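Next come two complexes, and both contain subunit A; in the first it sits with subunit B, in the second with subunit C.
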Partner chain A sequence: MAEPVANAAAPAPAPGRLRNAFGGVLCAFTLILIGVLAFSIRLFSVIKYESVIHEFDPYFNFRVTQFLSKNGIYEFWNWFDDRTWYPLGRVIGGTVYPGLTLTAGSIWWFVNALNIPLSVETVCVFTAPIFSAIASWATYLLTKEAKGTGAGLMAAAILAMVPSYISRSVAGSYDNEAVAIFALVFTFYLYVKTLNTGSLFYATLNALSYFYMVCSWGGYTFIINLIPMHVLLCIVTGRYSSRLYIAYAPLVILGTLLAALVPVVGFNAVLTSEHFASFLVFIILHVVAFVYYIKGLLTPRLFKMAMTLVITVGLAVCFAVVAILVALVASSPTKGWSGRSLSLLDPTYASKYIPIIASVSEHQPPTWPSYFMDINVLAFLVPAGIISCFLPLSDASSFMVLYLVTAVYFSGVMVRLMLVLAPAACILSGIALSSAFDVLTRSMKFQLSKLFDDGPAISGNGSPNGSSASTVNTSSSKNEKTEKSEAAPKEKQSKKNRRKDKEVTESVSVKPKKEKRLSVLPLEASIVSTLLLIALGGFYVVHCVWAAAEAYSAPSIVLTSRSREGLHVFDDFREAYAWLSHNTDVDDKVASWWDYGYQTTAMANRTVIVDNNTWNNTHIATVGTAMSSPEKAAWEIFDSLDVKYVLVVFGGLVGYPSDDINKFLWMVRIGGGEFPHIKEPDYLRDGQYRVDAQATPTMLNCLMYKLCYYRFVETDGKGFDRVRGYEIGKKHFKLTHFEEVFTTHHWMVRIYKLKPQKNRIRGKLKKLKSQSSKTSSTLAAGRKKNPWQ
Partner chain B sequence: MAAPRVLLLLAAAALLAVSSVGDASGEGPRGRKLLVLVDDLAVRSSHSAFFGSLQARGLDLEFRLADDPKLSLHRYGQYLYDGLVLFAPSTPRFGGSVDQNAVLEFIDAGHDMILAADHSASDLIRGIATECGVDFDEDPEAMVIDHINYASSEVEGDHTLIAGDDLIQSDVILGSKKIEAPVLFRGIGHAANPSNSLVLKVLSASPSAYSANPEAKLASVPSLTGFLKSGVQKAGSKMSHDKAGNEQFVTETSKWVFHERGHLKAVNVKHHKVGETNEPSMYRINDDLEYSVEIYEWSGTSWKPYVADDVQIQFFMMSPYVLKNMSTDKTAVYSASFKVPDVYGVFQFKVEYQRLGYTGLSLAKQIPVRPYRHDEYERFITSAFPYYAASFSTMGAFFIFSVAYLYHK
Partner chain C sequence: IQSLTKAYAATPTNLKIIDLYVVFAVATALVQVVYMGIVGSFPFNSFLSGVLSCIGTAVLGVCLRIQVNKDNKEFKDLPPERAFADFVLCNLVLHLVIMNFLG
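This part shows the complex of A and B:
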């Protein structure tokens, strides 16, 4: 992987044209290989398991795609889904980010139009790997804009296999992020491209790309905040130019208009605080542009006068506007921010106020090991990349640095935003590696040529000959890089050259000395460093392949475990969903914790009460309350929701840790948030969550405990829970309002049916019953129908 | 006493969901095959008047001894009988495969039962009664005594033969012909929990009645009285009396028990938009729709239109958004038209009709209500004309400006 970069970066000693052609072809080949690599490294899940959709959200996306391919785009747009969130229903068309679905739907339509009969599921499974390849190409483009072809190829290769991205884009992981990362990087590329060229064409493309990003993922707010930040940075550091204006102003106007077209965003594009920064910067940019314009018109003295006048008036107006805005924003309860955004700004916000956001594991802050797991050696290369970006600091490279810094912060807040960090880390690592190789190979070459020319000469600093050679080298390699952007229009090139010239004249006084000092390293040191860097890259590759093959390829609906007897496959989820789809009525309602909502609708095709689109907190709290209530109260809650079946996931028999008992505390918290009679301390013994003999009576009598551990003692006679690691508290009990109808092979999914309402209510006499059981044991002993006990 | 004191306990089972559909062809709501379990075949002749009235109405009675070893309520998963008459108060256990659970399951499966008990009621009979919500006095010697509303008897001071006329006010249960004479009763007392909503008290003793052993000296009468005054329920006696209403009472209640009266069925549920006839799979908010249902009542021989003015339709999603009386045109068709509320979701057409003595009607039909499609909104809103004007004038002005800027001078 290191070789092609080194080759591409090192100029071959041939006449310019041929060399460029050679470099271009090599570069194209490398890119194709990178694409193949990105695609194929994500196929472990298909090879090791099967071609299935993974996890939870992808099942929803899959279902939506199926609907789209069957009914067309207008029906999809107007789709009111009556099978989720019973009885509220959900307007899917207006609440879903349609980018992924439309993408996969178009691919499916396209291949079918070519008479390639692929199923929708196949297309969905392979959408993410395809887009990973495209994302790595976009990364190449972005990095090339900042630091040249070599860095671009390096970054693309690194991104193709960065574990963080693999975790969200293996085959079958059919989620928004799969296409969103491509859209994110490509939007940044077009922004930087516009910034470098000042072309309105790219600015328009940039807005369109932003539109695609808005369609695809809620993370688009990252773009619409990061780019204004960069613009502001450029203005503050005195880098304002008309290119900056062209890069930014059309994006805000067109982008906002386009974003408002997406039903799920709609007026949020101008109403919510997430978008506020972009408008503020838009205004500032115009003010600055105006000031520059005025500056050009007036003499310096007049300008100074005008400035003081404008600043005093402007400040007054600004104060008024800001005061109004602050008042407006402060008057709304959430300060105009959505919960997820607020928890980004204040990491403790969610855990304090919104249990439903805090309950999702991917919204938790990451641990340190997860950084090493997800970006591995990039964590060490990134600082070098930042340094390299400052040599010299251009608009593009400052954008990279800014992107990285913000992404690092966000990834520290939410583990799922590690995904946003990954491209930044890859780009900067690519830059770092590429610059390092650049320096090392150049000094090697310089030393070698010296070696051959002068024999054992001084390999020290500051030989005048060497310095001039190296400067020539750098400038020429720079020119190559610009020229190498294949088939670029002449005009553009000249524009760029003009800019470059300016830059070079600016920095030529400082830079060559630095480069000279850096570039000419001892030969041995260079060789060793090169080898070490290649080894580092090797470790990275090994780690990535391992992560792709072992850590991130499990589909989570099929589980495997390796034991001495061999490979165990736990296919309980699909078993349960298949049971539901074959044994229940088509309009039956199934209640479960929201995690399993999407899968139930997609795989079992049954109506669910709540699902993973957690838009209605009260509804989820109702289910949480039912699960935390005693049997009778729970029965009443479920009956009022027309629920027929209750599904719980139980890992105690096989040791599957993410089961409902482990999630139960969140049900209590979320339920208690809406219904105060559910109190968390009632379920904790001395602040500890436990279900063994020490557990509280409330815990041992709640529905979740009973549904999970019903008949559990029959498995081993003791009721030993292998997840919690102890025997359960209450072992022998009967269910009065629910009956077990199905339990999967490994007891991972248990389905209960609500017993119908009683046909008769028992009288009071209990003594009689005991008498009768004495006299006629057959009668009362086997009775199960005692309704109120 | 010569004749056993018989107490009828009427369990009209399956109050829920008896809106049986598809039998509009004059078939009754219930089959006609009854199993009569007696502990002595002599009961057949001693109570011939009662059984005779059942048979005269076309019921097919099969008499079996309660401890018949071949007794079975079902075969191959099918119930063999449509109703049960238990005239075996003292039998300790049934024969064959029948036990308390079997009887209760039989009831839960939607069958009817008449249970008779006297002071010798066995634990089995008491158990069945208790499961149905009726508790017999635990003292087997106890009887219902009423020193005010008693019928005349030979023994002075023996007020165990009481006259009950506190009948339930329902023509459906007791027939349209008023029972003039009081119902005479002598026997064991029983009570129903007042909070039990599934038990109907057809005949209650007067508030002055209480249950005690008439032979024993009573120490704590008053405390018992309070409990039992609300408790004594359906009672009847075969004892002949000059002016007793017993026969009419028993005949009429048995008609009710075996669904010869008071059985409603709802068929032909239809709903559609106003002006259309096809039933849509989904409504849109603010649609106008019509709902209709036909309700019939079984008259004993045929289905007659049921006429009432209090049948209500609910358009229901967690709570009723529309609650409306349905109008009827005397031909069993009830209909209502209303506007779908401006709320989308999965609604239900619900008809919950629970009236004393009638089988409950509980219809629920799920129907989703969707929001407007993207092209169903109003295209041009009058109040927005200034904005249209503003945007188009801006476009025009910009065009003119561009032309002027680009091509002037």
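This part shows the complex of A and C:
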């Protein structure tokens, strides 16, 4: 609905300030509507379920925000969290990206200061939709800088609805990307604005916005590498200007300093390879600027002499510096890149060296259908947008194209980076659609005016957005045909061309040669095309709303399923965490796979061994080894970590597919990566992973199998696992070192307690270890045997 | 080289002052790097903030020069007061950050 309105809203420079003002008001009104749309499309989960925080990572952010709101910012900077990664703890102040929590914390503080009593949870749940509305306004600003107001409104409307962005910013998904995408687009907008105006004021704002981006998300390295690439592209294609210098140089210096201020980044801002590109281009830019300056001073002949002299000296120096740099960088094992960045550049790196990064499902390469699911119609409009960007090629539009190309590459490596592709795709589609509508409406106006014989007056009012030499592929091919077939309007057309020449050259800088090919389509073709494009937009909207409602609004913590009796709700996770928080001591340690760590700390308020911030591979491998070992060895590992309770997630009774048995092979791989006595082939029969009667004895004896399937046969007499689809192998067994303390209603979460060791050990010469297993606060000082060291 | 110096002498005085300021800032940065080479790089954040502040003021000086230079076609209608105000603002932000980082 916004499309034809947007074109009328594009303010025409010449006729009438009233029309200008009307266009401005309409533009503002449309933007408000787009903001409301962006906010409301993300509210499906609140309506369908409740206002609850989704998934795993947001629970950690929520807990941090709670701490911030209770204890204030100084405590937050210095917070050392001892309720996670027991016994190591975690320095929250130095390892978390504070942007999101500080933003939500300040919103909460501000709202409460106005005496509106919103709880921290409500603020956290609704932060993402609010920032997505602001992000679509930022997209409008960015596209307006690149192409014009019409394209801006279109791009903003598309971004408000694109499923890829919705998936990470529904109400309840309180994660870094919620504010980071806004920061990303806003930083790009300020960069392009500085490039277009050359004002140092915007350069300062750009640096500050970049600081906000560094605070919010690890993806800031994308900005600090894309902008240097663009600067290099501008230099190489001869578009250097002093505005480029003003846009880039202060950003590098201020940006590096500001990035170093954030504790997570710290000195990495100058030491890691991810930032080297910016420094390199900084130096190159200075060299180029200096060369241009000298060129301006000297005569051409002297300049040539100076150039040859400088080049020979300069090349020698350059080689020396580069050699030193390469030697420095190559001496560190990963050549200065972090694991995640390396896995972006070389997609096979993670699977070879770091199983943890490879195991996260978000880090897998996307499949083709996921592109269509996530950006839908935009996948077709983007190539048209690229061509439209070349049409007049400005710094800003070359930046868009570069952004899109790099985003497409990175999204092809990791699914979660589809999110970075989303704004680029939206902007380019907005440009494409806006140019298409330009051509079509202009054709319609022209043809209608011909029909009513109004002549030259109306045709001069064609859209002033300047892309009059249209390039949408279909229309240009039709254009050839129509120009040949219609002989009569040819004369009128050339007259109008000349008038259009005068109009356009005084308003927008388009090459006059292209004016002769003013593409005017026959009336029927343009009407049909407009209707088809609107229908395309309609399909897009329908798909987005469906995706938001069905696919992306599920809070993973509450599951539902439809059956004949109606809607069935599985609230097992919260049941288990509530049981833990009410029936265990405050200091008890709970061991589970790292997926559930954040939720356990946030909701059950118990200390966990490993959680979703997978920074210590060895610790996770210890837990993985324990889950893969037989009962006695596992008991000893857990006992050395002071664990009292073990939590497993089991979906076999209800058919919940992401349970621990399906994740078990990753536990084996990660454990085997650190402790070589765990070998993956031991758990596979003929290379296949099975838990039925054909499974290997190692598999049937490991702790994970036993904890998941203990007493499972009592449910239906045969032990039929609904997820795997067959009966389990070992059905009747007893647990010797663990006892079951709680199983939720649908058997989805099962909690076991470590049995205390017996007082007397029969027949073996071991020291009595009677008191050590009763309490949970003793340290594992070398009194116990460590079978894995 | 002679023609270079001759051509350079033709630039107006206020631009030469800015150039002098830039050269001074870069020289200070070099002195700091040499000092770090001698004494060692602890504490690294002070060294970093010192060097970057020098380079930062140099860069901002160059930006000011670009904007004030009358020969520069792109900045013809930018009043020099506005350029200087931007320069001061940017310097303020830079020094605020430096002070914070100096430690």
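Operating definition for what follows: the second predicted complex is superposed on the first by the 681 of 789 C-alpha atoms of A that agree within 3 Å, B and C clash if a C-alpha of one lies under 4 Å from a C-alpha of the other, contacts with A are read in each partner's own complex, and residues count from 1 in each chain.
Just so we're on the same page, a contact is a pair of C-beta atoms (placed from the backbone, for glycine too) under 8 Å apart; a residue touches a chain by one contact, two chains touch by 3 or more.
Source: prediction; values computed, not measured.
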{"item": "First, second, both or neither for A:F80, with subunit B first and subunit C second", "value": "first"}
{"item": "Touched partner set for A:D587, first subunit B, second subunit C, both or neither", "value": "first"}
{"item": "Contacts of A:S241 with subunit B and subunit C, given as first, second, both or neither", "value": "second"}
{"item": "Contacts of A:V91 with subunit B and subunit C, given as first, second, both or neither", "value": "first"}
{"item": "Subunit B versus subunit C as contact partner of A:Q757, first or second or both or neither", "value": "first"}
{"item": "Touched partner set for A:L257, first subunit B, second subunit C, both or neither", "value": "second"}
{"item": "Which superposed partner A:S640 touches (first subunit B, second subunit C, both, neither)", "value": "first"}
{"item": "Which of subunit B and subunit C A:A21 touches, first, second, both or neither", "value": "neither"}
{"item": "Touch list for subunit A against partner subunit C, complex", "value": "198-201, 203-204, 207-208, 241-243, 245-246, 249-250, 253-254, 256-258, 260-261, 267, 270, 289, 294, 296-299, 302, 306"}
{"item": "Contact set on subunit C toward subunit A in their complex", "value": "1, 3-4, 7-8, 44-45, 48-49, 52, 55-56, 59-60, 62-64, 66-67, 71-72, 74-75, 78, 83, 86-87, 89-90, 93-94, 97-98, 100-101"}
{"item": "Contact set on subunit A toward subunit B in their complex", "value": "74, 77-78, 80, 82, 86-89, 91, 587, 607, 640-641, 756-765, 767-769, 771-772, 775-776, 778-780, 782-783, 785"}
{"item": "Subunit A contact footprint on subunit B (complex, rising order)", "value": "11, 13-16, 92-93, 99-101, 104, 107-108, 123-124, 126-127, 129-136, 138, 192-193, 196-199, 282, 317-318, 344-348, 366, 368, 370-371, 373-374"}
